[in-house]
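Common to both upcoming complexes is subunit A, partnered first by subunit B, then by subunit C.
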Partner chain A sequence: MKPKIAFFDFASCEGCQLALLNCEDILLELLELVDLVEFREAISEKSARYDIAFIEGSIHREEDSKRLLDIRSRSQFLVALGACACNGNVQARSNFIAPAENYKLVYGEEARNRVQIDKNYWPLWAHTRVRSVEEIVKVDYQLRGCPMSANEFLHLVKALLSGQIPHFPENAVCVECKRHGNECVFDKGLSCLGPIAYGGCDAICVNNGHVCDACRGLLPYANVEAHNNLMLSKGISKEAIKSRYRMFCSAEKMSQT
Partner chain B sequence: MTMNTNLNKTMHIKIDHVTRLEGHGSILIDVEKGRVENLKLEIVEANRFFENLVKGVPPHDVPQVVSRICGICCVGHQLAAIKAVENALNLSTSPQTRLLRVLLNESQFLQSHALHLYFLAIPDYVGVKSILPLAGSHPELIKKALKLKKLANDFTTILGGRALHPVMPTLIGWRKLPDKNKLELLLERLHESVKDIEEMVDFISQLKLPDYERETEYVSLKHPDEYALYEGEIYSSDTKKSVPESDYRQVTNEFTVAHSTSKWSRWNRESYMVGALARVNNNFSQLHPKAKEVANELDIKIPCYNPYKNNLAQMIEIVHCTHHCIEILEELLSQDLHMEDLTYQSAEGIGCSAIEVPRGILFHEYGFDNNGVCNHADAVIPTSQNINNIERDMQKFVPQMLPDMEKEALASHMEMLLRAYDPCISCSVHMLDVQFV
Partner chain C sequence: MNAYITDLNQIESWFFKLAEKQPFFLPIKTEGINYRFEKLNDVRENNEQSFPELLSYKPTLLPPGKNIFPDGEILFSYYKDEQGHYQFTQGSNIESQIISGIRACDLKGIHLMDAVFSDGIKDIHYLQRREKTHIIAFNCMTPCDEHCFCEAAGSLDFQTGADIFITPLVEENKFLLEAQSSIGIELIKTLTASECLNPVELKEQALSSRPAPFGRQFVEPIEQVSKIIHQYDADKVYQQYAERCFSCGTCNLVCPTCYCFETKDEFELGNDLSQGRGTKSRHWDACLNPGFAEVAGGHNFRADPAARQRHRVRRKFDYLPQRFEQTFCTGCGRCGRQCTTDIDIFDIVNDVCSSVSETVAQELDK
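Entry: the complex of A and B
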């Protein structure tokens, strides 16, 4: 029997599912090797058990957390797909603001008040805080990045299908950036988290003229303090450094600035 | 006298988390003895509060954060944000930057329309659940669709550095210029794609689309010199007049309803439609001549009031964008590309922008405080402008469909209607399950 693979999306831009649909060259071939049982964005079929469940998106409401627990109980491997699932991504920035304040700012004061008193509204709207998948269930593997890397996705699927353990090297973006021979971002007077951020992205942002925002999270052994001192010594302001860490909240927990 | 059978029909339909849709929505329909008692399009996507997420962010980071509103519309969100931030800070751009942005934007039209037509909508019209069976029954067609999609993705990648959440475009210009050799190869591939696209038009022209009409207000950008996609004024088919983009709030008039985490819109009447059909209806005469020929082949009469035919309008726009991009690329390649000075001074100010993205008009607005960081943001998404109109289409079509259709056929026609609009619910909640109860 072919392994059953499923995709579930929570709060996200759904770009990681799209990144998979963008693998036009191998998409049809891959689909011959697996049974894609849930992929709401592209198909209408559904299943009771999954060999690999991919979770896209961050978890915001109790109903979402219950759905996630149910998926976990029916899956052999559970994979957090992309930065939202791994770290909360940019939407975790809303954790710095009280939920009622968020409603008021986006939907207006009247809607904010109604959410709190009208029972027809609140089950749909009840917003707790933005959590990563790992904060709710056991995660077997993480496919980091915003968006995820299609190469890493294929590596993971191939390994699991052939009974091997997928391996993702823990090196900094800086290592991959050097390999491309890019001009160092610091020499352009900009802030960068490349030296302390998880690689695997092949330094795609810096290759294309941008800086590293650590969308993949900070390495577990990252020396954040030394990196901050380095950026300060390059004349980058404390505000710019803080803003860089906050961009993808993945790094926020670690920032001592 | 025989009694009309639909007088006795009672059905409760609930389609939760409609598939082949960007984002989460449900359809709920209650029919009691032939009368539609309740009909709702519920948007159940979790809130992400994007307008709050950009507060405190410096101007050049705003486009990168809001790109994450939606993967499928990321180029549109980036460009809308870039234009709005530039307006807020009074930054001007060069003709080269405009050409690059026009190309980048239209690359997303090709990608999004191809994805929507082939992966999400067409399975409905040939009666299968996904693109997968089509790969068996129509292998050549699917290969061509995948080829076009790949071309469009490579197009965005060459212009933006990455197909999803591009990194090259920024305020004023490009962080790194696209490689001219790659642009030349791209031009060749676009020329080659013309024939494949003609075959896709043939296939689409043979599909039988449901024949239901409801005339509504069509809203799109309008530009004096071109088929408005990158910029223009906001035009209504009701008033036959345009208003400037800075008046967008008078157009969208957003309000909230209990069954939707997305906001709703209305302008000159109870609801309006944005998207490919609205654009083709409003700006037909400015389409590329080849696109007009295709409209003829697809037998679409303008103005067209059948929302299912939004899918035909998407095909017409694929043809338009392909030929238009060929022209723009030739113009761009005839000149030398130069790096622009991207330094700018952040300042206090507020600015908005309007741009056409595959699903309709997108509005963004940002404000910056005297420290130059973002203190205000607003985004009005095409899908949230359409939801009200979709629900009203459903309310009109369900009673017309009831006499001839069983529950399943009716439910599937509702899903198809929803998909025909190509809704992007991730975007609109910053939609769709069908429930018939």
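Entry: the complex of A and C
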């Protein structure tokens, strides 16, 4: 019997699944080896147990976390797929803002004033805290990035199917920039989160003339204090630095800032 | 005689002639403020820029030795034949190349890599590529920038291993070219130049016209530096630098004598989920990355960033010099130049030396 693989999506743009569908050659090779049992973007088959469950998206509502616990109990390996599942992604910025303030940002001042006198106007999402998958269930592997990298996806699946341990080095983006011979973003007079961010993306943004915004999250050993000082020394305001850190790493611990 | 005198125009047209026959690399500023070793023909097609600032360029982002030790190099590929036996073929095709415009510090870097990869079990991947790599190096007349400390590290004037070695002479726009190998003699045939009858004298004249001291100097002579780095742990000094270190590995990856690599397997799965076919490649690694010294079971020999800094400094000034009898820092200044938080191995070494003389002074006072 072929191993069963399933994809589940929570709060996300489903871009990671689409990123995967874009790699048709990889998928065809893979489909020879596995049974794809749940994949909302492509099929609607169901299964009781999964060998590998891929979770896309961040977790907001209580019913979502129950669904996630149920998936976990039926899966041998559970993989967080993409930045939303791994670290909350941009939507987790709302964790730093009071619910009423959030509400105002979306629907305006009038709506905010209304909910303050009538609690029935509160939408479901307003009081939820955006969580990464890891905050609710045990995660065996993280496929980081916004969107995830198809190469890492393939590496993980091949390794798991053939009984090996997938290896994702915990290195800064700088490593991949150097391997590509990139000019340092700071040398260009711009600023970059590469020195404190998870690599594995092959420095794709810097290779193409952009800067790193740490969509893969902060490294566990990130020297945020030194990075903060570096950014300040380039004349960037404290507020701008904070906002930059929160853009993608919002659900991650940021004890040092 | 294998010494010639010519001018920059002749050298330029000679380079273009050489580039017609094989990949020809030289330092070019293609964007921003930094230089890279680029293929001359690619540059000519995509760039209006006239001839490179051969004698004044700031050392390239990556040292030229990386052309002989490329990242992601395929070591071998394999497949399972019909009898179930694995068949192996050695990796990539190796074509000959000329790397030109190499500064003396980087020439020494290549020389040290040659020593490392020939030591013990020979690294055929490196050595085969090295054999097909021809080098045109030159002597620096002024320090490249404020990060240079090649004289202190003992690599100024290093000229071993270059097929052709260029020295800019005192007379303006005159260059002395010495062919130092049979390949060098062959290559120089297409250069328009006059034979030089007194190379030793002219060279001496050129070298003595250089500024002295040349670039930054250590507080102690290099032999003493090695002894101090070996003998003293200097925890406080390394700790002080570690506090602003990202452990990003940039200092390792841009170093002309860092040769550590990790290997990676890429394989295709057969229908029975066995590994039927694949490749093994190697990728530059960095001992400043926390995962570098982690072993099975999760133990990490150098979990502390200060320990990793010290390890790096000792590799350059203590461990490898013990084995190869040469300092493994070439003084090119890349690590300090490219570190985003200005951690410079030159400063670390000086601080260790100064902290030690203070300790010794304090002990004498008691």
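Definition applied: the second predicted complex is superposed on the first by the 221 of 257 C-alpha atoms of A that agree within 3 Å, B and C clash if a C-alpha of one lies under 4 Å from a C-alpha of the other, contacts with A are read in each partner's own complex, and residues count from 1 in each chain.
Going forward, contacts are C-beta pairs under 8 Å (C-beta built on N, C-alpha and C of every residue); 3 or more make two chains touch, one makes a residue touch a chain.
Fair warning: this is a prediction, and the values are worked out from it, not measured in the lab.
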item	value
Touched partner set for A:Ile196, first subunit B, second subunit C, both or neither	second
Subunit B versus subunit C as contact partner of A:Asp213, first or second or both or neither	first
Subunit A residues touched by each partner, larger count belonging to subunit B or subunit C	B
Which superposed partner A:Ala226 touches (first subunit B, second subunit C, both, neither)	second
Touching partner for A:Pro147 - first (subunit B), second (subunit C), both, neither	first
Touching partner for A:Cys205 - first (subunit B), second (subunit C), both, neither	first
First (subunit B), second (subunit C), both or neither touched by A:Gly181	second
Subunit A-facing residues of subunit B, complex	17, 19-24, 42, 44-53, 56-58, 61, 64-65, 68-72, 74, 115, 119-120, 123, 129-132, 135, 142, 146-147, 149-150, 153, 160-165, 167-168, 170, 174-176, 256, 258-259, 261, 263, 426, 430
Sites on subunit A touched by subunit B in the complex	9-19, 21-22, 24-25, 27-28, 31, 36, 40-45, 60-61, 64, 89-91, 93-94, 97, 102-103, 105-108, 111, 114, 118, 120-121, 124-125, 127, 146-147, 204-205, 207-210, 213, 240, 243, 246-247
Footprint of subunit A on subunit C - complex, ascending	31-34, 36, 61-62, 71-72, 243-250, 253-254, 262, 267-269, 271, 273-275, 283-284, 286, 289-291, 305, 338, 340-341
Of subunit A, residues touching subunit C in the complex	29, 32-33, 158, 161-162, 169-172, 174-175, 178-179, 181-184, 186-188, 194-196, 221-223, 226-227, 229-230
